[in-house]
Structures are given as structure tokens and as C-alpha cells.
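Across the two complexes that follow, subunit A remains constant while its partner is subunit B and subsequently subunit C.
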Partner chain A sequence: MSVSAAARPRRRRSIRRGWIGWLFVAPFGIVFLVFLVAPLAYAFYLSLFSKGLATGTVFSGAGNYVKAFTDPEFLSGLWFVLRFAVVLIPLQMAVSLAAALVLDSLTTRLSRFSRLAIFVPYAIPAVIGTLMWGFLYSPVFGPLTGIFGAINQSAPDILSADNIFGGLLNVVVWQWAGYYMIIIYAALQGIDPSIYEAARIDGATPRQIAFRVKIPMISSAMVLILVFALIGTLQFFTEPQVLKPIANGAITASFTPNIYAYNLAFQFSQFNYASTISFALGIVVFIAVYIFLFSTRKRRGGFSS
Partner chain B sequence: MAPRMSHLLAATSAGVLLLGLAACTPDVGGGAGSTDSAGGDAGSCSNEIVNPDAPQVSVWAWYPNINTVVDMFNKTHDDVQVCWSNAGQGGDEYAKFSTAIAAGTGAPDVIMLEAEVLPGFIIQDALVDLSEHGADDVKANFSEGAWKDVSSGSSVYAIPVDGGPMAMIYRSDIFEKYGIAIPTTWDEYAAAAQKLKDAGGPFMGDFGSNVPAWFTALMTQNGQTAWDYDSASPQSIGIDLNDDGSKQVATYWQELVSKGLVDTQDQFTTDYVAGLANGSYATYVSAAWAPGYLTGAGGAATGDGAEWQVAPLPQWDASNPVSVNWGGSTFAVTTQASDKDLAATVAKELYASPEELQDGIDTQTIFPLNQQVLASQAFADAPIEFFNGQKANGEVYIPAENEYPGYTYSPFTTYYYSELTKAMVTMIDGSKTGEQALDDLQGTMTDYAKAQGFTVE
Partner chain C sequence: MTTATSIPAGTMRRPKARRNITAHIFLVALIVYFLLPLWWLVVASTKDPQGLFTGTGGALWFDKNFNLIANLQELFTYKGGIYLKWLGNSALYSLVGGVGATVLAVLAGYGFAKYRFKGRDLSFAILLGSVMVPLTALVIPTFMLMSQLHLTNTIWAVILPSLLSPFGVYLMRVYAADAIPDELLDAARVDGSGEFRTFLRVALPLMRPAVVTVLLLSVVGTWNNYFLPLAVLSDQNLYPVTVGLGGWQALAASNNGGGTSLYTLIVVGSLVSIIPLIIAFLSLQKYWQGGLSLGALK
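Up next is the complex of A and B:
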């Protein structure tokens, strides 16, 4: 009896508190529903129909998805971003991790300047950064022709179909390595210095401290940025889209899945199929991230406990 | 490439798009003639409304001097006022228009479109048949070819403004230095290219994969009739991209490329324009708007000692010359216009008065298609500064425009251009012969048309 008497007012209070909670969540909730959930739902709805230029709109159910996953244009774009991710992510990780470890062990004024210098590319808008690289790659305006000319070699055309992969790789690493470096650096700063002291007393060399102490302790930050990089790479859009006009046909209308979806919708007037491509890409991203998180789960669990 | 950033970018661009659409939303009330809303909505126009009591018609256009033209129009019209905004150039504007069509709202009353994209919008029921709104009143102002470009059967879907009759722009200083005579046939063009190369000279020209419209025009010159299409029966189309004439053109350019006689640089790039300025190219096979582009948007293509002249386009059969066109723009009325008659009036009269056209000529913004201009002695005799005083209009461009027979476009021009660009890339890198590339293109386009629900004849 006394238990229920005590419980009742508490429950009423918790209901009221829940109501107030919703009120606080409402601004976010409304924006979330109107600008994320509703467009997604509408895009999914669109993706279930098909419309040719010369035909009316008909319900096709999963038909568009079957078409998407057998569409050589979509699959070749997907293949490109997957290859790109496989090369880019380890490279980017190595660069940003190395920079962060070096900066973490330096305490001079130089380190603050270097930190800023490495981070600056991230502060430059992607479009402008890519345009800048476009000029650097240019055989007419860029320095490559001059540099290779000095040793009597002809400069490689980075904007050709064979070399565009490397050209884009360079732009993306340049742009994002500083950002990832800052995340890793912040994680490193969060480690208790007494751990390093203990390691040194145990006779660990700086190299051992870096590889055996620091890296394992920031593994959750590493997983986080790997997921960022993976999702971002699969959604690759801005850099190839900006370089497209100067790439002499090396960047096609279906270069990456996102570019394909954009062109389908806004160049070829196929909104339904474009929605399907977007959702199909979403499915691929979801699967890729799930596989990745699943495969790193055990290691992460071990360190966080 | 963190996902957050991508989302942010996507959200921002969507926001910009929405803002753009909002800013460009036609003044429906104003268009219908209600005077009270006109003043209030004037803020959404990029221009000043001179007569706030007159009904307004919203216009999207990107001519560099359109602001001046709209002001001229508004000052001379009491019955209608143009509310102009710039929704982007070419593809950017079409993307917004496509979105507005899909949404069923947000399109302007009158829109500037290139002739090549008209059928693609007609098939989406986005454009008004102007033959029902007095288009024939101005038919006499245009050449038969120019009128055919905007017509489909007996219907008329836009009013032409400017065109791009093609010609061969060349560097007379380079021609002189290497003793090159002006080529009148493509055989002579190739021979001149070889001569230039043997003498250690620059490239004769350029075969850029990003100008499929240019390549289409050159194939059309040799008898290609790519599309058999009439908007009156929009579900059927004939496709013929790999006829012998087209294959001859493709093989010809591939040979020039493989022998290193022409460059393969994308056009309209800073690299290409710099190349034109610094003498990397002896000729620029292009349209009548090219001088304006090269002196204006293209920047300093009039480099040190560059002496430009223009000659008629080389021919396949000199005894039977064929004129072709590259580019050109029109005004069309959208089906979302609230007062279609009033919108049609604007489409017919905007950029059509002598003063407005003269501003376009003076600023080298357009090559006008209006016969009153083309037939005027002043236009024909005007010395063109870019061509060192050559009377280019009278000597080359006006005859080319008057002989232009017109063209039938397909309803999927952007897709075709995208595929043709791919074919041109394979021709340049040598992975396919010109003939193979066109045969494959024929197959690709036939499959695409079928997938889009067309009956392919």
C-alpha cells in the first residue's frame, strides 16, 4: 500500500516531466522531421515509381532497385568509390596519425604553427581548394610543365583518364588530413600524462610509447574518423564535380554514384530513378559501415573496458 | 570528406536552390493584372519596375547585358513589365527549371532556353505552343532555319533571339608565317594542318570532348540527320547517328588527332583560351558568338600580336556548301505562366526592339537572328574590332545564317551529349575507331530511347 501511494505521484510527475522534455526536443524534432525524415520518405516514395520521357508514371515497386543494382553505370561508379576508399583511407590515416603523433610530442612554438598549417586546408571550402588544385594540375598554368621541363621530361597530365584517380586522391588527402589530425590530436591530449611517465619508468622508448600506448588508447577516435572517411568517400561528389569541366572527359556523368544521381535528376529529368540511385547508395553505405563497425567491434570493446 | 560536411553542403545547396526558386517565383497575382500585388512583389525582381501599375511577367535569362535590355523594355512598355532574374547559365538554369516542372510550381512565365533543349521540355508539357498565341506575327523576322529550330511540325515553342552560324576563325599572322592558304574544304584543312606540323608550327585546331554540340554540327554538315522527331507524335523517334557521312567526319577528326595535327584540349577552359591567346592554335572552328566570348567572358584571348580573321567554314563538297549552327538561345513561355498571352507578348518583344538588339551587338553579347538586323547595311558593314576591322558579319556570318537550313533536336539532348562526349573520349584515346564509336553510340541511344518508352523507327 505504502509503495503504491508513493509511486503514484512520482509517476504523475514523470509524465509531466516527459511532456516538458518533448517541448525541449520539439525545435530539433520539427526540423528533423520536416527537413530530414519527410524528404527521405518522399524520395523513397519517388523511388518506387518509374517514368520514362515518353511514358506516364507507373508503380514499379522494387523494379528500380533491381535496375540500379544491374546498371553498369551505377556499378562502375560504385566500384570507383570503393577502390578510392581502399586507397584513400589508409593513406589519409597514415598522414594524419603521423602528423598528430609528431605534434603531440613536440612542445615548441613550431608545433603550434605546424598544427595550424596542416589544418588550414580544411578551412578552405572544398570547391575553392579543388579549383586551386585544378590550376596546379593545368599543363598551361601549373608548375608541372616547368618542373618536368627542367629535367627534359614531359609532364604527366594529371587530369587525364589514367591519372585522375591520383589527382583526386591528392586533393582529398590535402583537404582532410588536417581535420583528422585535429581529432586524433585532441584524443591524444586527453590521455593522462602519468601513463607516459609510467611507461618511461618501465623503460619504454618514445617509439614504443607511440605504438604501444598512444595508438591503442586513441583507437575509438580512429574508428570514428574511419567511419567518417568511409561514408564521405562513398558519397564522393564535390571534388570530381568541380574538376569535371577541365578533365577532358575523364570525369563522366556517372563517375561516382552521387554524381550519377545528380545528373539523372537535374540533367536527364529522371527524378524517380535518381531517387532510387540515392537510396541504393544509402543501402551500400549502411552495409559498408555496418561491416566495418562489426569487424572493429571486438577490438574497440577491449580497450574501452 | 566527413559525412557531416557533405550533409552540410547538400543542405546549403538545397537551401540556396530553394531561396533561388523563392526569389524567382513569378508574381502570379501581378501577371494576372492585379495592381496591388505588383508593387509589393517588385522586391523579388533583379531589375527596377518602371510602371508599377502594369501587370508583370517573370523572366529567367542569363545574357550578360539582360539588365540593360530589360530596363529598355520596361521603359517602353506601359501594358506589361518584365520582372527579371538570373537563375544561372545553361545547365544550372535547366536544373532549376526541371525541378520547378517536377514540383508543378516555381517556374517563371518566360524562360531563356537554348534551342537544343526545347524538345526535352516540350515532352514534359512544360512549354506553351506559341502558334496559338500569335507567334506567326514575328515569323517573318527570322530565317527559315532559325524558325525551324524552335518549331515542331506546325507548333512553335519559342521565339529565337540569337544564333551561332559556324565559321572558321583563324590567326592570319600564323597563316602568313607558315604560308598557309585559307582552306575552303576539309581536305585542304587537313593538308594545312600537316604543313603546319611539318614546319614545326602550332596545332591547326582542337577536338575537345566537351563540345559534343560542335561535333554534332560538323557531322550534320556532312549529311547527318540524327533525329526524326515531331512533338506532335512525341512517343516515336527515328535515330540515325552512324550514317556514312557522320563516319567520314569521325574518321577525319580521329586521324587529325592521332597524327597530332589538332589538340584534344577541352574547350571553354582557361587552358584552352590561354592557348588561343598565346598562339597554340592556328584556327578555332566556332560560331558567331565566339568573338564576344573571347573578348568578354573568355578573357584576354587577344594576346600579343594575335591577329584574328574569319573565313567561311570549310566544306566537304565545295560546290554544295552547307551551313551549320552551334548554340543560340530563345525565349519560351512556360505552361506555369498565369497569363499566357501576356507572357507570349514578352517572349516576342523582349530583346527584339532595334535599341535592345543594338545593345546586344555593341556589347558583343549576341549574334541576332532578327532579319531586320541581318538585312541592314549597317550591321553587314560594321568593322569588327576583334577581327582587326574585318566586316565579318557581311562577309561570313550573315550568309552562313541565311543558308542555315535548321535542325531537328531530340527530346533527350543532354543525355545524347553526355554519351557523345564518351564516344569522343574513346576516339581521342584511340580505344575505338570513329566508325566503332558511332556504331556503339547508335546502339546506346536506341536502347536509351526504348527504355524511356519511345518507339524507335
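Up next is the complex of A and C:
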């Protein structure tokens, strides 16, 4: 019993400190409750009701969700962002990984400069980045007409319904590849160089070192990035919304789920259904991220504590 | 390359040199791609409306008329200087929101890392789960909550939601757990330092690189935000620069012919709006380059 007697004062002190621990966490906790938990709860509450001209606001239970998941507009937006994620994420990963691997193997002035140049788009708001690319795509302002004119070809219209997918893809890769590249680069720099030396002595070529040593060692950084890219892509809003006025009809009112929710709320004042779409999108993102984390078998991934 | 000297120079050096040339060509291609829109923006900012549409030098080179100063003058005086107001709003929202988010994240991250308290592991697990909540899915619910409280169309509707940064808390916790030795905190306590004073005097200085990173990320996040202010603000005088320029572009596109001079303002306005953040990133390089990787290394 002498052990517990000795432990008691210590335990009491840790309880006192525990109370202080809550004090440090509390300010964030309040913001978390008010601006994350409360909106989610409120959206969920609103999504359980529907408003009709004749009926007024009535409780409809899961009715709005049944409507959402059979609504061709919502489903086509969802289908678009899923397709976009499937093409974008590997592409973006390839660009940022290739850049990071090359930068990691060089220490020249050019490599330092290009590290900054590749990263700069991250510091530029998505709205401005999209505006710039919109101008560059434009047959009036952009260089394409001139370039294709020089070889007597007509320039492709990137802002048409057929090509807008690629146009958006380019904007997003341009905007985010640098950020991902920096994270991968930092992870690569954190690897002990003696491991490369050992691989080299074992006869590994630089290519083998890159694919067999470097990439496996930064896999947790890659999982983190992929999760971020997935979350970001599924809630796609800014880029298509900004391109909309100049992409004659290629970007519809339900182009992505978020654009659809925005238009439902602010064009058609269907706040209950807009909440349903927001909440349904949140559920889809959650499921997609968990499927992804599960399939990479790195459930502790980048988020272990 | 001390080991290379023991190997005959001819067999080793040539493939390496060739590899370096390929690598550098790749880098130059990347530089051109990533800087091309910026180059276009700089060039286009110097053109008058006429030059922007039918310039003599093509889209990627300067026109014969250098009109940058006049464009800037028009930008800053258009509609009573509303652009400057937008720029000021962006600065206000991102500084107050960013500093606030950082303070909350530092406190919470330190609390999670250095104290044991009831419910700590559960609340941290909830926090990690919340990193996966798509923040834009919260915009419309937040708007509706705000309108219940009559807060829409005020600066608080943008600033208050910007205080939320679960990822910032995560970064701070990871960093604080490694960078602050428990022994140091215990030593301060033995010396009679209070808990908050220990935090300010002992812990905070050790957390500086992570603090700068989280600050930069949250300032940039708020400065770049578009969906939230677009949804919660309707008064043009409260717009941040992103929403303002987006509005100009929609306006210019809708009245094709009449919007020509507006295009010049959009271009030069875009250029001016990105300068502050580019300067911030370049001058704070040594902090964020290490800091950004914090979450990834664990």
C-alpha cells in the first residue's frame, strides 16, 4: 500500500495540471464547437425538413437524401469530381514527385531557384490563378491564337465543354504541385544519406535508389498529400466558379456538388436542399478518404500522433 | 564526392554529367511552366486596353505603349478607390483571422502535447477526424447559422470562421511534443514558474518555427479564401480582393464590348494583389520550408 500512498500526491498534481490542459485547449475547443460542430449539426437538422410553396416547412426525414442521391444534377457533379480526382491526383503526384526527386539530387543555384518558382503558385489565390489561366486560354488575350496561327492551325478552344476538363486540370496542377513538391522534398531531405551510400555500395543505380529506397521511405508523406488532394478535389468550387463567366455554358449550375449547393442556396433559396447537398458531399468525402486510407493499408498514415 | 576519386574518372563522370544536363533541362521546363502565367500577368499589366486585345508584341511580350502607371492610377481611383478598400479588407481578414487561428492552434497544440487530462485522447481523435471534413461543405451551413445570428454581411462573418484550423493544432501538437523537453518544463515549475508563464517564457520560444509556419498557412488560407466571403458578404465595400476581382471578371465577361477597360483593371489588380504574399513567402523561406513538412514526417 505504500506505493499507492506515494503515488497519490503525484496523481493529484497531474489532475490539477489536467485542468490546466483543458484551459489551453478550451479556446480552440469553443471555436471548434461553434464553427464546425454547430454548422454540421444545423445543416443536418435543416436537411431533415423540406419547404414547399403549398405545404410550408415539413419534416421529411431522409427524404432529402433519397432525393439527393437520385438527383441527376447532384450525381453528375459528383461523377465529375470523382473522375477529376482519379485523373488529377496521379498526374499531380507524378509532377511533384519528379520535381522533388530531381531537386533532392541537385544543389545548384538553378535547382534552388526552381524550387521557389514551382512553389510560387501556392502563394497566389486560386481566384487569381484561375483568372490568369482563363486569360491565357482565351482566344482574344492568350498566346494560343498567335502560336497556332503561326503554323496555320486554328487554336483549340480550351474553354469549350469538351476541353474544360483539361483546362481545369492544368489550373489545379499548376496551383498545388509546388506545395506537394515542398512536402515531398522536405521528407526526402529528412532521410539519412548514409542509406543511399549503403544502397550504392550494394550496386543500386540512381533510378533504383529513387524507386526502391527514396519513395518507400517517404510513403507516409505521400499518403498525407494524397488525402489532402482527394479532400480538396471533391470539394472543387473556386476554379470552375471563376471560369464560369468566360466558359460559354461549359460550366453548368450543377457542375460540381459545391457549385450546385451554392446555386441552390443563393439562386433558388432552397436552403434545406442545399444543406442536404453539403452534408451529403461531406459524407461522400469521408467515405472516399476512409476507402483510400484503407486501401493503402496505412490507416495510421500521416496522422499518427 | 570523395568516393568518386577512387573510381576511374572516365567511367563515373560522364553519365553523371549527362544526367545533370537532363535534370537541368527538366527544371528549366518546370520553371517556364510555373512562371508563365506570372510573366503574362506582368506583361499584360503594362498594356492599355487596346494593347491587351490587339497588342503589337503578341500575348507574351510588351506592347509599344507602356501603360503600367496609368493602369495603376485607374485601378486605385476606380469607383472611389474600391480596390484599395478590398485590399485593406483582405489584409484585415487575413491578419486578424490568421493571427487568431495561430494563437488558438498554439495554445491547443501545447495543451494536447504537454498535459494529460481526461478526454484528451478522445478529443484529439475527433480533431484528427475533423481534418477530413471538407471545409467548403461548411460554408453554406455557416452562412445559415450566421444569418440566424444576424452576422452575415459583417466582417465577423469572414473572420470568425477563419479562426478554425484543426490542421494547425495538429501541426503544433506534433511539433511541441518533439521540440519541448518535459524536463525543461518541470525545471521551470520547480523554480516556481506558473503554468502560463512557463508556456510563454519556456515553451513558446522553442515553438517559433512551427508558429511561423502555422501563421503563414492560416494567413494565406484566409487571404486566398473565396467561397466563404462570396457566400456571407453582399456589401461590395466588405469584399476581400478575391471576391472583388471575381465579380469584375463576371461583369467584364457579361458585357463583352463595354468591359474592355475593366479587363485592364482585372489584370493589374491581380498583379498588385499577389505581391504581398509572394514577398511574405520569399522573406520567410527558411521557416516554412522546414515547417511545411512537419505533418508529413511523422
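Methods note: the second predicted complex is superposed on the first by the 286 of 305 C-alpha atoms of A that agree within 3 Å, B and C clash if a C-alpha of one lies under 4 Å from a C-alpha of the other, contacts with A are read in each partner's own complex, and residues count from 1 in each chain.
Methods note: contacts are C-beta pairs under 8 Å (C-beta built on N, C-alpha and C of every residue); 3 or more make two chains touch, one makes a residue touch a chain.
Remember, predicted model here, so these are calculated numbers, not experimental data.
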Item to check | First, second, both or neither for A:Phe271, with subunit B first and subunit C second | outcome: both
Next on the checklist: Applying the document's definition of touch, where does A:Ala117 land relative to subunit B and subunit C: first, second, both, or neither?
Outcome noted: second
Checklist entry - So, A:Thr233: does it touch subunit B (first), subunit C (second), both, or neither? => result first
Next on the checklist: Counting residues of subunit A touched by each partner, does subunit B or subunit C come out ahead?
Outcome noted: C
Item to check | Touching partner for A:Ala126 - first (subunit B), second (subunit C), both, neither | outcome: both
Checklist entry - Given the touch rule stated above, what does A:Ala253 touch, subunit B (first), subunit C (second), both, or neither? => result first
Checklist entry - Of the two partner chains, subunit B (first) and subunit C (second), which one does A:Phe148 touch, if any: first, second, both, or neither? => result neither
Checklist entry - Looking at the overlay, what does A:Phe211 touch: subunit B (first), subunit C (second), both, or neither? => result neither
Checklist entry - Taking the superposition as given, does A:Pro245 touch the first partner, subunit B, the second, subunit C, both, or neither? => result both
Next on the checklist: A:Gly21 in the overlay: touching subunit B, subunit C, both, or neither? Say first, second, both or neither.
Outcome noted: second
Next on the checklist: Let me check the overlay on chain A: which residues of subunit A are in contact with subunit B and also with subunit C?
Outcome noted: 35, 126, 135, 140-141, 179, 225, 231, 235, 237-238, 245-246, 265-266, 271
Next on the checklist: Per the contact definition, I'd like the list of subunit C residues that touch subunit A in the complex.
Outcome noted: 19-20, 23-24, 26-28, 30-31, 33-38, 40-41, 44, 52-53, 58-60, 103-105, 107-108, 110-112, 114-118, 120, 123-124, 127-128, 130-145, 160-161, 163-164, 166, 169-170, 173-174, 177, 195, 199, 220, 223-224, 226-227, 230-231, 241-243, 245-246, 249-250, 253-254, 263, 266-267, 270, 273-274, 277-278, 280-282, 285, 289-290, 292-293, 295-298
Checklist entry - Mind pulling up the subunit A residues that touch subunit B in the complex? => result 35, 52-55, 126, 135, 138-141, 161, 172, 175-176, 179, 225, 228-229, 231-233, 235-238, 245-250, 252-253, 263, 265-269, 271
Checklist entry - So in the complex, which bits of subunit B are touching subunit A? => result 1-6, 9, 11, 91, 94-95, 98-99, 101-102, 120, 123-124, 208-210, 234-235, 264-266, 268-271, 274-275, 411-412, 414-415, 418, 421-422, 424-425, 428-429, 451-454
Next on the checklist: Per the contact definition, I'd like the list of subunit A residues that touch subunit C in the complex.
Outcome noted: 14, 17-25, 27-29, 31-32, 34-36, 38-40, 42-43, 46, 98-99, 102-103, 105-106, 108, 110-111, 113-114, 116-129, 131-136, 140-143, 146, 174, 177-179, 182-187, 190, 206, 218, 220-221, 224-225, 227, 231, 234-235, 237-238, 241-242, 244-246, 258, 261-262, 265-266, 271, 274-275, 278-279, 281-282, 285-286, 289, 302-305
